[in-house]
Structure formats: structure tokens, C-alpha cells
Amino acid sequence: MIVVLKPKISKKDEVAVLKEIRKLGYKPHVMRGVERTVIGAIGDERTHSTLETLTAWPQVEKVMPVQKRYKLVSREAHKANSRIKVGKDTVIGGEEIVIMAGPCSVESEQQLLTTAEAVRKAGAKMLRGGAFKPRTSPYEFQGLGEKGLKLLAKARKQTGLAIITELLSQDHAELVAEYTDVIQIGARNAQNFQLLIAAAKTGKPVLLKRGLSMRIEEWLLAGEYILANDNPNLLFCERGIRTFETYTRNTLDLSTVPIIKQESHCPIVIDPSQGCGRADLVLSMCKGAVALGADALLIEVHPNPAEAWSDGAQQVTLEMFARLMDELRPFAEAAGRRMPS
Amino acid sequence: MIVVLKPKISKKDEVAVLKEIRKLGYKPHVMRGVERTVIGAIGDERTHSTLETLTAWPQVEKVMPVQKRYKLVSREAHKANSRIKVGKDTVIGGEEIVIMAGPCSVESEQQLLTTAEAVRKAGAKMLRGGAFKPRTSPYEFQGLGEKGLKLLAKARKQTGLAIITELLSQDHAELVAEYTDVIQIGARNAQNFQLLIAAAKTGKPVLLKRGLSMRIEEWLLAGEYILANDNPNLLFCERGIRTFETYTRNTLDLSTVPIIKQESHCPIVIDPSQGCGRADLVLSMCKGAVALGADALLIEVHPNPAEAWSDGAQQVTLEMFARLMDELRPFAEAAGRRMPS
Amino acid sequence: MIVVLKPKISKKDEVAVLKEIRKLGYKPHVMRGVERTVIGAIGDERTHSTLETLTAWPQVEKVMPVQKRYKLVSREAHKANSRIKVGKDTVIGGEEIVIMAGPCSVESEQQLLTTAEAVRKAGAKMLRGGAFKPRTSPYEFQGLGEKGLKLLAKARKQTGLAIITELLSQDHAELVAEYTDVIQIGARNAQNFQLLIAAAKTGKPVLLKRGLSMRIEEWLLAGEYILANDNPNLLFCERGIRTFETYTRNTLDLSTVPIIKQESHCPIVIDPSQGCGRADLVLSMCKGAVALGADALLIEVHPNPAEAWSDGAQQVTLEMFARLMDELRPFAEAAGRRMPS
Amino acid sequence: MIVVLKPKISKKDEVAVLKEIRKLGYKPHVMRGVERTVIGAIGDERTHSTLETLTAWPQVEKVMPVQKRYKLVSREAHKANSRIKVGKDTVIGGEEIVIMAGPCSVESEQQLLTTAEAVRKAGAKMLRGGAFKPRTSPYEFQGLGEKGLKLLAKARKQTGLAIITELLSQDHAELVAEYTDVIQIGARNAQNFQLLIAAAKTGKPVLLKRGLSMRIEEWLLAGEYILANDNPNLLFCERGIRTFETYTRNTLDLSTVPIIKQESHCPIVIDPSQGCGRADLVLSMCKGAVALGADALLIEVHPNPAEAWSDGAQQVTLEMFARLMDELRPFAEAAGRRMPS
């Protein structure tokens, strides 16, 4: 930690700070600058108490942490890229770019199976579909619940696709884990730490969406909750952050691809559907994501978006999806990766 | 709903939109403007399917909702201000401005009882203190749990203060409700709808903090989850939103006071401690909140902030708190309210 | 400056950093921590080259400045509050809260004189009104230009009110200074440094609005451009920042009142009209601003807002303004200030 | 325009709104819905007064514009992509992706010529370099001014590269236009409309950076100022927006590539250097930009970034730049474009 003192404070006030630093387990190291005195507090910031509370002292101007706060998710802790095995033979973080596709919500057997069949044929390896839906209003469709999970399982049986679906409640952790191959934690729950722990404990791979206003560091620390609960199978998923812009639903932050690769060994997944909220931008954003090195894409696909029970504006049709898969191929090759054959 | 068509579309494309609008339960009303055709879709937007999915159609430029999406929390539904009774004889939303004060985290019996005694003496009617703490990092202090709840109960017994503490997990809803007088839902869980429902069902009053990047409308709709689950005792609490500014931890949005008063009948509480993240700004922001008409204040107070186990920088000392209570008095009077005697 | 090195770098890489630090005029001071080595670079950050370019080096993790970058506007440089004299006998930054009121745009003699007369009668000391208007679209009304300035001068002559109007272009600096008592720099030009310099050089007091996405530090530094160009008469004016919220036009950040008071000796003015974009919130926000200690208020007033040529939604009527002045009185007293008699 | 009335207003209040709508030049069209009455106001929103001022009326809930506010920059106005000719034989908006590269600031003849020679050799067609620099602090290097322009001209003569440099002040419009091939308007001046007009009038192509917190619509309207002043040669340049994230200097919004292509006929340029503020992310972001269909890239390159006089952290070395040009090639091909040979 670096503690910056205010200019022209008394010797007594300085000594009090030094004493407190020692009391909290750090070794102080004083540097007298031109205007201000700066104290380097040497010690492990993750095991000792934080010194940030010192900013409450009148003689202290600011306290700046030096260490990174995340450990297990960090690239420093694990040099190689992690590869996450999903279902029988899908690997996320390898050469192949894994495509997860399907409707926003599971609505009916026909809707789900039609979509599953079509996306499998176009090259998707995983089927997405919400059975439990977090909705801004209590009056909106909340998902089919367990019935939705059963339909997902049926689709897996019929198509061989692995399943990813959202977990909304600790109480459903066991239930959802029974049916799904990957547990999705949504943006609104990205700092619902109890849910993260419950998801981690199922042992299933966890896809952690970035919260609407989550800094990269906070996202990495939320991921740390998964690994610290003995589950090494973590996927980060960027789905757009909330900004002042209103043209798109969110601002998809594609710089997260190189940043997560730099800071962490875990794979990075891009969700352009939530990211833009507009089907007409999804294809373009997928090209960018693949070029930047994303390990997987999570794409909302619906046989008839205009009649979707949720988020119709951002779901692509089966035809658009097939075209998208074709058009991504040269970008995957340019990035030294490959699209599913 | 208002559906705006793109310029120069074919008759056939227009008819298809009209047909879909009827199919989804609305009555279309066509207006031909200078450049664009606009369709008013008449019907109850809260009972019919939303037409927003029409934005996925190529001939549609945009879809604009007309109705407000919240009902039970709205001022239209309930003209008078709601008054929430807490504990034996505290009322939030009445003439008296209710002060909720106490440490960020419950740390020890001595810390809590010292604080409780001091804030009661200065005029607080409620004691705040976190027993379950949501922490950005898994390596930070997570709260004393049930032991913390027991200490809060002890402090209530000793001082007569009502208790407010945060609920982090559905699994603890019964437990927390057993000890507390008001259940707090934190900013990170403001759209954890399962938690909102669990809190509502305990029957205890619920204080709902605004999420870090929650629009007013989303906050009102999250509140709607409480009232729609048969719990009329809801308090909205502004605690700062996340912006680009880094001088303060968050940007405390005091315009929420008149806005919530205008849109809703539920009381509005201001939390300047989380809002600014700096004890030196807390007093000023309290004055502003009171002048604007806040019904209650939630203030972090600690006997020794520099050694607090969490968020030391934003907790005021016992002395500062007593001074603050004195200094607020004339502002409460100017606002036609009163501070506790 | 504090330079944090990456973990496990070679001795040679460390030496290269030390050499560069010395070359750029600083004295390095090495601290070896648990995981990382940290270098304190002692020297005046405002006179030497910045070390921030070192972050481009592969062995450097981050560079953190220690000093504040602003000097002349800082409270450290000038302990007492600055009082800015405007016109014959108005002082901003003294005991009286100065009210600047008037229409968004100068539209006609009748509109301006009616407003001027009414606001003077209600207690305003200054008349605002845009003659040159920055408009988002080139097809919107751009102001009456010099004709507007002449009308402002006429209103001053008739009412005795001092004038504040916006300067949009360096080329108009002399012209505007000839007519106005205070030069306003708008939010969109808050970092148009050439305009700031031109305004400073007229010698007239300058009111500097905060840019839509300007951090406090950047705002203070923009103010520094005024004082560094030999004009000590600077007023900071908060007018709302841009956030994700859409209910209000901007988010009025009232925490700027205590923050500017803490960091600077210059007066702070609050503009609730731009800040909220809604006349119905203006009165409430004024109360908050006064309670927090604002030195002046800038309020848009129009005889018939619905027919205003610009920004009608945020202008209050003459009647609302008179009521507002009355209602602010007890809050000014509570704050130890006084409203004009 | 769509005018939504509040529920349960009197007939008289409704009639007053209808009268005002007619007075302002629109034809009202009443639709009675379930809860609210909605009025479609038919007329050209760009030639009549705006009805948005009606939101100031107590009986009006909201006013929603229907038309787009921009004309000349819109895709509707000009179906084909505009191609902007620069210098002798460079075309932006054609098949070839144009690379503009060079230092943040022009510092010396040697620095500039070394860079120019190297970037030309690697395939750049244009040389960037700031002669007039907008700096957050008045104590930072403000650029070499005309001396810098002369050095740019010399570099053009020697290498054949076209020049792009920033215009900061209306007073320099003629001077800068004399030396440069493209005039750059920086992010801080993106809504300095007087500067936009001055730049337009020089007749040189204008590259308009997006402001730090500018919505897409506002950016298009700022561009409209160029075209409405008889200069058809406009380039939009995304350089990152300001968000809550602190890991990167700005959040580079790559969705602007497909959005500008959809809304406008003008070329779109991406500036990843300002966009991320970190040289280590520039290469990745360039790949994304090219994959998404950007027409040109603006890249900061410096022979020795650590000693750059401004923004060292975001400038790439000559070697990194050459590698970048090589690595972009397959992505350009995948996008159906080509890199310079």
C-alpha cells in the first residue's frame, strides 16, 4: 500500500499514521518528496487488514493499493490458457471457437427443438435457453422453470448439444445442475456472491456474465469466488456494459477479450445479443469478437423473433444464424482458430 | 404502444405489421405523417404481449411504450404518502425524519453496544449493522453471520433501537427476519428478484437500495416485486450510482428524493455514506437530503473508523455523528419536518 | 510519482527503469515488497516530465501520481474563500446567495424585459440569457447574436441587474465582454482551452460549467487555465453530468458543492435547470443546493416556457420563480447564509 | 411528434394541448387508449418548432419525437458509401483500408521524419501528428504550433504521405488548412460548433472524433454541421467513450462501425490508441475494427514512447507498428477489403 500524507502536517500526526500502519501488520517506509510525504507500507495486502480505512484520517490524502487483489483467476497464478471441458467432447479455450446458440427463453417443445436442430446443423456445439428468467417487471414472463429444464434435456438427448442455462436462485442449484452442462450466472447476479458459491459447489462449469456496471477488477474478483470454492471451470462472458448511449441496449466492450486474456487464464465468451440488444448488429459484433480472439460466442436465436416471449429485438432468425456461421469462418482462420466443421 | 415504420416501405409490409399488432391483442390506429407512418397500438401494455419485439422486423424503425410499467408502487395507485411502521413506535414517512445509524459491519459486542448507545443518545431511532456482508473479494471479511444478528438483538434490547440489517441469501430470510425490524436489500442484489420475493414474504418492511446502474424505472419495478408479493411496507434507498467520477466512490443522486415522491407513495431514504464513500462529505450530503425532503437517513457510524473491518473511509465517528444530528435540525425545520428530540 | 514494477522482473529491467527515472529529473527510492518492487520517484511532478509514459514499458505495472495537478485554484494556494465582485455591488462567495435568472435564449425585447423585471422584483441580482446558443442540430435556433447582447444591455440599464451570457467563439470574446458582466463557458466548451484563454484575457469574471463527462480534477484543471491567464475571477458551475439515467436530462451532482469548497477557494454555482432538464424538479434541487452551501444559483425562467425557442421543458414560469425565492429563504438561513431581501 | 397526456386530465386541459399543437404548426390526431390519451402531431419536426417544450405543461406526461433529426449525413439521403479523396491518390471509404499513423505530438524533425519514413514503409498512407495540442492542464506541453505544421509539410514532401492534424482554434483554420490534407476535430471539441463550421469552410476533409460522452445521434448531428456548411468530405472517428471502467483510459465502442455504416454514408475511422490508452491493446483492437468493417485506422506511433512528450502509454513503437500491419492483412481479406501493399 502507498499512503500519501497531506502537505504540512505535524510530526505527531505523521507518527500516528506510522504507528497505525505497524499495528495493522505492515512495515512502513517513509519517502519525503517535494511537497508531500509518502509512506510505502510493505506487507501482503491480501492477508493483512487493508489500510484504505486510513483515508478516514484527516492527515491522510489518499491510500493506493499496489497488489492485485485476485489470485487464482490471474495469469500470474496459471500461465497456460485453461481449457474447460463441457459435455462429452466440447472444449472451450482450445483451437475451435465454440458456439452456444438458442432462444432467450425456452417457450415450448417445438420452439426449442426446431431451434436446437437448426443451430446444431449450422455448427453450434451448445444450446442456450432460459428456464428461469430474471425480468425487470414482475408482470413479465418468468420462464417455464423445471419444465423448461426438462425440455432442454430432451433437446440435448435428441441433438447431442451440450446445455447452458441460467441459475437464478441458490435453492435451484442442485436442480439446475442436474439438467445443465454449464451454469450461467446472469449480469444482474454477477455480484450475488451466495449464488456464485452455490453454483461453484455444484462442480459444473460456470459462465459468469459481467455485471452492467462492473469494473474488470470486480469481475475478476467475482470469478475468484468460483475458483476459491474449488471449482476451476470458469468462463468469463462479456455482455455489454451500461453507458449513456441509448442507440444500443448496452455497450459491448470488446476490449475485454485481450484484457481477460492478459489478466487471466480463463476463457472469454462474447454475448453480442445482450451486448447490443439489436439483431442487426449481432453478425458484425461476432466478427469483431472472433478477430479479437474470443473463445466462444453466446448467441440468441429464435425461429420467430417477433413473437418471442422475451427480448425479441435481439434474437436472430435460424436463417441469419446459418449465414452468420458461414461468414465467421474466414475471421476465425485469420485469428488462427477454427469454426466447427 | 407507438410503432414507427421506416420511410417508403411497401403496402404489404405495412399490412403485415398491422396484422401482427392485432394478433398480439392490440387495436392499431394508423397516422400518416410527413415522412413516416406511425401506428398507435391501443391496449393495456401490461396485460398483452409487448410489441417491442416488432423492432426485429425490417420495416419497423422503433417501438415506444406509452404506459408506465409499474402499478402498485405508483403515486397514481395510492395518492397519499405511505407511512411505514417499524418496531414499536417508529414511523417512516411521517413528520419526523428517521435516522438509522450504526457501523458498516457488526464486529464485536463492545463496538456495537458503544455505537448503539451513542447514536440513540444523539437521536437515532434505528440501529444499522451488517451481519452478512457482500464483499467484492472472497478474501475480505464476510460478516459475523448469526452471531452478528444476536448482537444486534442484544443492542435492541439494551437501547430500544429498532434494527435494520442486510439480507444476502434467500436461505437466510427466515433467520434474518427473526432478528431484524427492517430487511435491507443491498445495491448488488437490487435485481436479485428471488431475494426480493423471499424478503417480501417475511412480512417485514423492506428497504431496497438502488442498484449501481439502475434507472429510476427499473428501481420502481424492483420495488413492484415487493408490493406484488403482498408486502406493502417498502422503503426506497438511494445510495449513489456508478459514474465516470472517481473523486467520490459513487455519485449520490439527490434528485431521487423529489422523483420518488412524484412517482411513488413509498418513503425515500438517503444513504450518504455509501453514496460518497467519504466521511468528510457525509454531513453536507445529509443537509441536502433533508432539505430535499428525504424521509430517513442511513448513516454509517463507527467508534474508530480507521480500524473498521470494512469501509472505514466512509464511516463517521461518534462525535461527528452527534454534531451532524445537531446541525441537521434547522434544515429539517426549514423543510417542514422535525428531527427526533 | 509511484512506479510499480511487475513481479519477477530481471535486475537489468529494474535498472533500466531507475535510469530513466533519473534521466527524467526524479530521484528514485526503491522499496521491495512481498510480491512487487515499488519505486518512489521524488521530484516536482508539475515541473518535470511526467513518468506516466513508463507504463508503456513491459516491466512496469502501473504509475501513480502523488501530487495534485492544480495549483492556483487549489485551497492550498489560497486558504480564504474568494469573493468575486460582479457589476456595481454584487459579490459572489459572500454571505448572500446570489441568484442569476432569466430565459435560456434571448428571444425578443418583450420576453427579456418582462422576465428581467419579474426576476429582479423577486430578488435576482443577475440576468442570464443566451445570445449565442450552442445547439445540437444545425437546424435549431442559434441565438440572436449581437442583437441579443444589445437587448441584455438594455435590460441591465432598465433593471440594474448584472448580466451573464455565454461565449461560444474566441472571435466574439471582445464583443461579448463589452456587453456582459460575467462570461459563461458552457458545458460543451469546458475543455475548449482556446476559448477559456480568450475568456480569461477579457478580464471579466468567468463562470465555468462542468463538462458533461468531466471529472472533478479535470474541471479544476480547466479552471486553472483561467487563473494561469491572470484572471482571478473564476466561478465553478455544476450543471449535471451525463449518466445512464434517462428520467432526468442529466444527473445533477450536488456533492460538487462540498468538494469544490474543500479543493478550491473559488465560488460554486449550481444550475438546476440544465441539471435536471425538468422545471418540476428545479425548486427541490435549489433547496438542496442552498442547504449544501452553494454560493449562487443559475435558474432558467421564461414568461411562457411552452413557447420558448429552446429548452422549454426546463424553464420555470415567473410565478414559479417568485415562489421558489420565497421557499428558499428558510434553507438559506439554516445554512447561515441569506437570500436577497 | 407523439404527445402522451397524463391519465384523467380534464377536457379543458386536453383542448389546450390540441390548440397549442395547431399553433406550433402541427396537425393533431387523437388516440384514446386504455389509460392515457395519446396525440400524434403530424408535421415536419425539422421545420416546425419542436413540441418538446410541451413537457413543461402539467397535463403532459411525455413528448416523443418520431423523425430522425439528421438529414445530410444520413444513409436515407445518400444510399451509396461516400468516398473521400485525400491528397493525390488516397481514397477513404473504398476497398483499401487506409492507415493514418504517427506520433501523438510533433516533437522534432528527427522524431517526425523517422516515424514518417517507418510508417510509410510499413504501408501507412497518411501521417498523423499534433501541432496544436489540447491538454488537460495548462502546465503540460501545448504543441509546437506552426513550427509543427512546417515539420509535417516537410515530412509530406519527403515521404509522399498525406497529413492529418488537429485544429484547436477557429483562428488557426486558414493556417492549418494551408498545411494539412485532413483537418482533425478532437473529442473535446466535438460539439464546439463554431470550430466545426470554421473547419468545414476551409474545404478540406474533416475527421470528426466522437466526444467523450456523445450519443450516436449527437455525433451524427455534429457531422451534419459539416455537410450543412457545404463540405461533403466528412469522416467519423470513434476514439472511445468515457465509462465507469478504469482499466482502460476509455471504452472503445466498436459497435459504432456497423451503426455508422447503417445510419450514414460517411466513412468510419477507428482510433484504438485514444480508445484504450494502452499500447498493448492497440493491435487487438485494430483486428476487431478491421473485421467489423472500419474504413481507416488512426494509430499513434512513436520511435521511443517512454520519452514521448504526451500520451506515451498509448503509442506503439515502430517495430510494433510494422508487425501490426502484417498481422492485420488476413483480417482485411476476411472482411473483403485489402491492406495497402
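We just call them A, B, C and D in the order they show up, numbering each chain from 1.
Note that in this section contacts are C-beta pairs under 8 Å (C-beta built on N, C-alpha and C of every residue); 3 or more make two chains touch, one makes a residue touch a chain.
Here the structure is a predicted model, which means the values were calculated and not measured.
S.K.: Among the remaining chains, which ones contact both chain B and chain C?
M.R.: Output, common partners of chain B and chain C: A, D.
S.K.: Please state whether A-B or A-C has more C-beta contact pairs across its interface.
M.R.: A-B
S.K.: Among the listed pairs B-C, A-C or A-D, choose the one whose interface is a repeat of B-D, with over half of the contact pairs the same by residue number.
M.R.: Equivalent chain pair to B-D in B-C, A-C or A-D: A-C.
S.K.: Could you tell me the distance, in whole angstrom, between the mean C-alpha positions of chain A and chain D?
M.R.: Comparing mean C-alpha positions, chain D is 30 Å from chain A.
S.K.: Report the inter-chain centroid distance for chain A and chain B in whole angstrom, where each centroid is the mean of the CA atoms.
M.R.: Between these chains, centre-to-centre, one finds 26 Å.
S.K.: Based only on mean CA positions, could you tell me how far chain A sits from chain C in angstrom?
M.R.: 38
S.K.: Which positions in chain C touch two or more other chains at once?
M.R.: As it turns out, chain C has residues touching two or more other chains at 213, 242-244, 246.
S.K.: Quick check on the complex: what are the chain B residues that touch chain C?
M.R.: Against chain C, the touching part of chain B is residues 213, 215-217, 241, 243-248, 251-255, 257-259, 262, 275-276, 280-281, 284-285, 287-293, 330-331, 333-335.
S.K.: In the complex formed with chain B, which residues of chain A make contact?
M.R.: Residues 20, 24, 46, 49-50, 52-57, 69-70, 134-140, 168-171, 188-189, 191-195, 211-213, 218, 221-222, 224-225, 228-229, 242, 278-279, 305-309, 311-315.
S.K.: Applying the document's contact rule, which stretches of chain A touch chain C when the two form their complex?
M.R.: Residue positions touching the partner: 2, 4, 7, 29, 31-36, 38, 40, 42-44, 64, 66-67, 76, 213, 242-244, 246.
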